[in-house]
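Each structure below is given as structure tokens.
Look for subunit A in each of the two complexes below; its partner is subunit B in the first and subunit C in the second.
For the complex of A and B:
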């Protein structure tokens, strides 16, 4: 059957519609509550979508992904607190606009450009996913290993303040992935005679632990009463003609930045938003207004962070390397459904590209509609007492984890992962590389060993694609280190010059 | 604890490779930020080194059904533990010789928070045990009520109605609709 027809046909099912609506409500809510990220919500939802059909489950998870991307703008604009990391850049101009009495306008512009960003990026997904997958299908073991290494190093360079801690977290993830049966020979490794460990450390439990429980524990540890009140005067809602015209250029800049950042493995909306905002300021005729309530700034940041969605999906589905942290969780769920994202997915199931594209587009339209209609009501959500939120999250983490395997051992793993995640967070170790290492570990190990067995170490650098990817991976680790050393040198030099000047002045002072 | 409290945003790490000169709105207010600590850095580096050494020993001790030598199942864990060991030594040297890492993106822990965390963890462990003994419905309702009390809820609606309704809702969702045996 034609893949387009069968892909769309899979959506004509009342359960899929219910799943879409459920995802919409959940996504909007988690987006709007600061402290619950989309990654955490998708990790939790993966617990109760495992028993669904893949397309139904994808409808829930992808819609949460999309809707959270709209909901998180609301607290950014009204209380200067990003609902999820993806809306960090929204606060730069969104909150100043709200303070000027233009909160309604900021909310509408944000929702409109977020929708446009996602639409633009979905064109990229629909057009590029299959060709990229076809290209990657030609990859041998050395190319696959290099690709995994590249994804991991990008994640490390993005998420770490200290490169050493980032690489250590990644290595810890890869090491954790070796627990269980050897991917090639089937020998037991690090199972210590525990039967539950022979199939490996449960990925979903670790994800719920480090992204869900650890975040919650951190809030329990550090929470204090906050006195910021949401902006209550919302003012005008719809932009006028001049304002629409202002949005054109930053919209284009933001879309391009978002799509490029989205395709880069592990880089998501938070980074894209900041880069998009910065790029739009550089090309703007009114750069001085950025950060003080500029419509251009808001447009650029929100378009860029939303336009990462399609790019991230492309990398995830076509290469099997997660495009951002939400996608890492998604890969875990898909594997449990028996779908292995990666080059062979779209050649085997081209209809899934159509289903995924359609789900993303419908989710975007619904999220946009609900954003334009219900934004006033969402402000009230911010007043829900925090103890309800904490208790519910903790319960859902435990029950959701149990639901994935019906085994209490998984819950224990999840709680341990939560404590480890909290310690990592408090000591400056990023959890992203740990999760990515755990997810990609078997892929990395089996491909490296195969490559070494076939051609020896030279095979890794003799193929042009793998050599290029390994070079990029090295660059991703070394460039930030060099950048930081340079920055430090410049700062020291500047401090020395200043101190020198002060000395000259003070020595001249009394004689003048 | 006031019922009007709102969840504070999770402090978010601004990407290290982010945009130079871009303001970072998610940074924590200076008076609430966690302080850098050399002792913490040394302890974490030492733990990482200990774990690497343990990992190396365990990797060499992996039992194989057939000894092939070379690139066998011991190869990758050994490689990883050696890499982790080298990085841990570097981390330890940095912790001793260089100023400790900036932690201003994290909020400082407070005593009340530490107590809240430990109690919540204990309640969670008791929940897992009680679930096995008393079944999902009773354990979950009690668990939610206990947590809400620990987190500062005091009204009867919070301590009775909310736990009962939430337990019923999740039971219908998981057990009845999604066929997850609870």
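For the complex of A and C:
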């Protein structure tokens, strides 16, 4: 039978529908719950899906994967707390938008572009999974190091207010990333004999701390009644024509970035969101609005982090190598069902590939629908008095963080990160670079050292992909510096001619 | 199984069957257990003679996050233990610090049988890597699985046999990826280098899958990983498994010789069992040991763990304790 027909036919089953809905609800909830990631939810659910048929099980697991990617945007936008690491970049523009009374708009745009990102990447998966997955194999340690180095240049963009403060925060993040076991020799570093530190500073605890808890502390310590309320109103829901037009370019940039990063194993939505946001800023007409509630920034970050889903799925299904941590769990489940992801999946079970694609698309449509409908309920959430709201959020953050390791130490890390985040906020240090350093530091270090072990320094420049990425990274660092110098020169030059121009302008009137 | 029931008094036996049958039915209908053992009579629970253990839920500590191999084996066994012991087995993941967080937690728990856990091969390694983890602090209740290691090369590699690879290493260092610094596969690489006199450079990655990917993409010359992690790529022809570090061939890797048969005495793998804090009362220990023996040899357990390349290997508490100590001794010489 035609694999497309049989693949779709497998979905026409009431059980599959129930599984989809179950996954949808679970995914939305875990996504919105700070600390609890899609990986944990899929891992725990996989214990119960083992007895199901593969298509039913995949309906649960893939839908959790998709729905969590919608749910995690909500706390990012409303309370500056990323629901999962994939929505870190969402806080950059989503929360400022909410503070300006445009929360409704931010939520709708975020949901819309997330759906578009997933759709775009699923087209890639359906059309050319196997050839594209080969690209993933080209990414060895040198290429990974070069990509991460390129990712680190995002630091310059996030610290636009004060370059020095931003870079200092970034370096602090990188330094923090060296805590724990050495990735190559396994030696203890900066753990001070504390066993809980030997696997490093918990990343999820830190992001919840510096974003969410810091914001919460800040609100608690602010006594001006007018300033306390985080979000005064949700405002308008749907974007207007001009705003739709504004979304075009970042949407394209975000999709491309997301798909590429998604295909690379071990790089997921968190990195993609940040790189997508940065790339969009660099090509934008209004880069100065980024980080202050820019629709373009929100569009780029959410498209990019969502477009990693199809990319990860491509690597996972076409190579049998997990594209991200959720997919690592997924492979485990699939093997128990007797399905081996890998190139042979596409030749032996094309119907299953069709089913997977269809589940992903249906899950995306359902998640989008729920996101848009459910938003009306958010209005009520904001009616909750602020002192209850923040107390509840604090409780959720603590429970969610505890659940990641079942260890109170992780909660302590989160609270310390919250205090650090508060101090940084009050002294004008951006937390974005700190998080970026902590996220990318271990990847940069371990891959650099692997590359050096394998081939020595020559490998970094002899591989075309890594050489190109390193060149791009250098350009990204140098360009703004050159730009600034030039700006200063033209500014002085402009100042000289200003007087003359002003005379001409005033004679021609305002239309000049 | 049945012989233990015969030893029980008639009254106790009838009671046990009635209660356990009732509970088992209730348990089965209430929650779908991930792996049901087919045609197992509910009365076959091994309630030991003079003990009321277990009277409440048992916590089962796993040193890794949900979703990995250790978690899978633990949940598969827990499902069996629930049926056998008629109490809930609460699987609790306490990942972090190479598994030592969970191990220290178990060591510090009350030795009453209500806190047990999955013990991985790392219990024999961590002490030599500078962690505060000592096998003496535990009662080992039985080995339940073994996942043998392999060495594999990319499909387009010039090396057709393990010997080719060893010979080539005399001219240039061969890079071999593994799942991480201080992992069992890094140790296996070092052991092979030692045994064969080969110049192998272990390259630690962050997990087994990236290590295998590095070999698939020819970033490294070879990879040492678990049999299950390489079986599919071997079947697809994208990776060539040269040798298996076990004393018998693996069903998923047909035609792959053991390293032993190639002349290199390397036996290596990730194993797992069940442990408890040292000092369990004898009666409690007996109930748990019997239940683990039955669960680890059940079809339901095997059906869940074998597709991932693991083998069901059972060792009694005495054999397992001896094995852990001998492994610990072996790692003390291998690890830096």
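Note that the second predicted complex is superposed on the first by the 273 of 512 C-alpha atoms of A that agree within 3 Å, B and C clash if a C-alpha of one lies under 4 Å from a C-alpha of the other, contacts with A are read in each partner's own complex, and residues count from 1 in each chain.
Throughout what follows, a contact is a pair of C-beta atoms (placed from the backbone, for glycine too) under 8 Å apart; a residue touches a chain by one contact, two chains touch by 3 or more.
Here the structure is a predicted model, which is why all the values come from computation and not from measurement.
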Inset, instruction - Quick one: classify A:329 as touching subunit B (first), subunit C (second), both or neither. - result: second
Inset, instruction - Name the contact category of A:128: first (subunit B only), second (subunit C only), both, or neither. - result: neither
Inset, instruction - Name the contact category of A:365: first (subunit B only), second (subunit C only), both, or neither. - result: neither
Inset, instruction - Mind working out whether A:80 is in touch with subunit B, subunit C, both or neither, as first, second, both or neither? - result: first
Inset, instruction - Report for A:340: first if it touches subunit B alone, second if subunit C alone, otherwise both or neither. - result: second
Inset, instruction - Please indicate which partner A:260 is in contact with in the superposed arrangement: first for subunit B, second for subunit C, both, or neither. - result: neither
Inset, instruction - With the two complexes superposed on chain A, say which partner A:406 touches: subunit B (first), subunit C (second), both, or neither. - result: both
Inset, instruction - Go through the superposed model and pick first if A:461 touches only subunit B, second if only subunit C, both, or neither. - result: neither
Inset, instruction - Considering only touches as defined above, state whether A:275 meets subunit B (first), subunit C (second), both or neither. - result: first
Inset, instruction - Quick one: name whichever of subunit B and subunit C touches more residues of subunit A. - result: B
Legend entry - Common interface residues of subunit A - those touching subunit B in one complex and subunit C in the other: 48, 51, 182, 184-185, 187-188, 406, 453
Legend entry - subunit B-touching residues of subunit A, taken from the complex the two chains share: 33-37, 48, 51-52, 75, 80-83, 85, 88, 91-92, 95, 157-162, 164-165, 167-168, 171-172, 174-175, 178, 182, 184-185, 187-190, 215, 217-226, 270-271, 274-275, 277-278, 291, 382-392, 394-396, 398-399, 402-403, 406, 408, 411-412, 415, 419, 425-430, 445, 448-449, 452-453, 479-480, 483-484
Inset, instruction - Would you tell me which residues of subunit A are touching subunit C in their complex? - result: 39-40, 42-44, 46-48, 50-51, 136-141, 181-188, 195-199, 265-266, 319-322, 328-329, 331-332, 335-336, 338, 340-344, 405-407, 446, 450, 453-454
Legend entry - Residues of subunit C touching subunit A in the complex: 32-36, 65-69, 71-72, 75, 92-98, 100-101, 104, 129-132, 175, 180-182, 201, 203-207, 209-210, 212-214, 216-217, 219-220, 228, 232-233, 235-236, 238, 304, 307-308, 336
Legend entry - subunit B to subunit A touching residues, read off their complex: 1-10, 12-19, 21-26, 32, 34, 40-41, 44, 48, 51, 55, 58, 62-66, 71-73, 75-77, 80-81, 83-84, 87-88, 90-91, 94, 101-103, 105-110, 113-114, 116-117, 120-121, 124-125, 127-128, 131-132, 140, 143-144, 147-148, 151-153, 158, 162, 166, 170, 173-174, 178-182
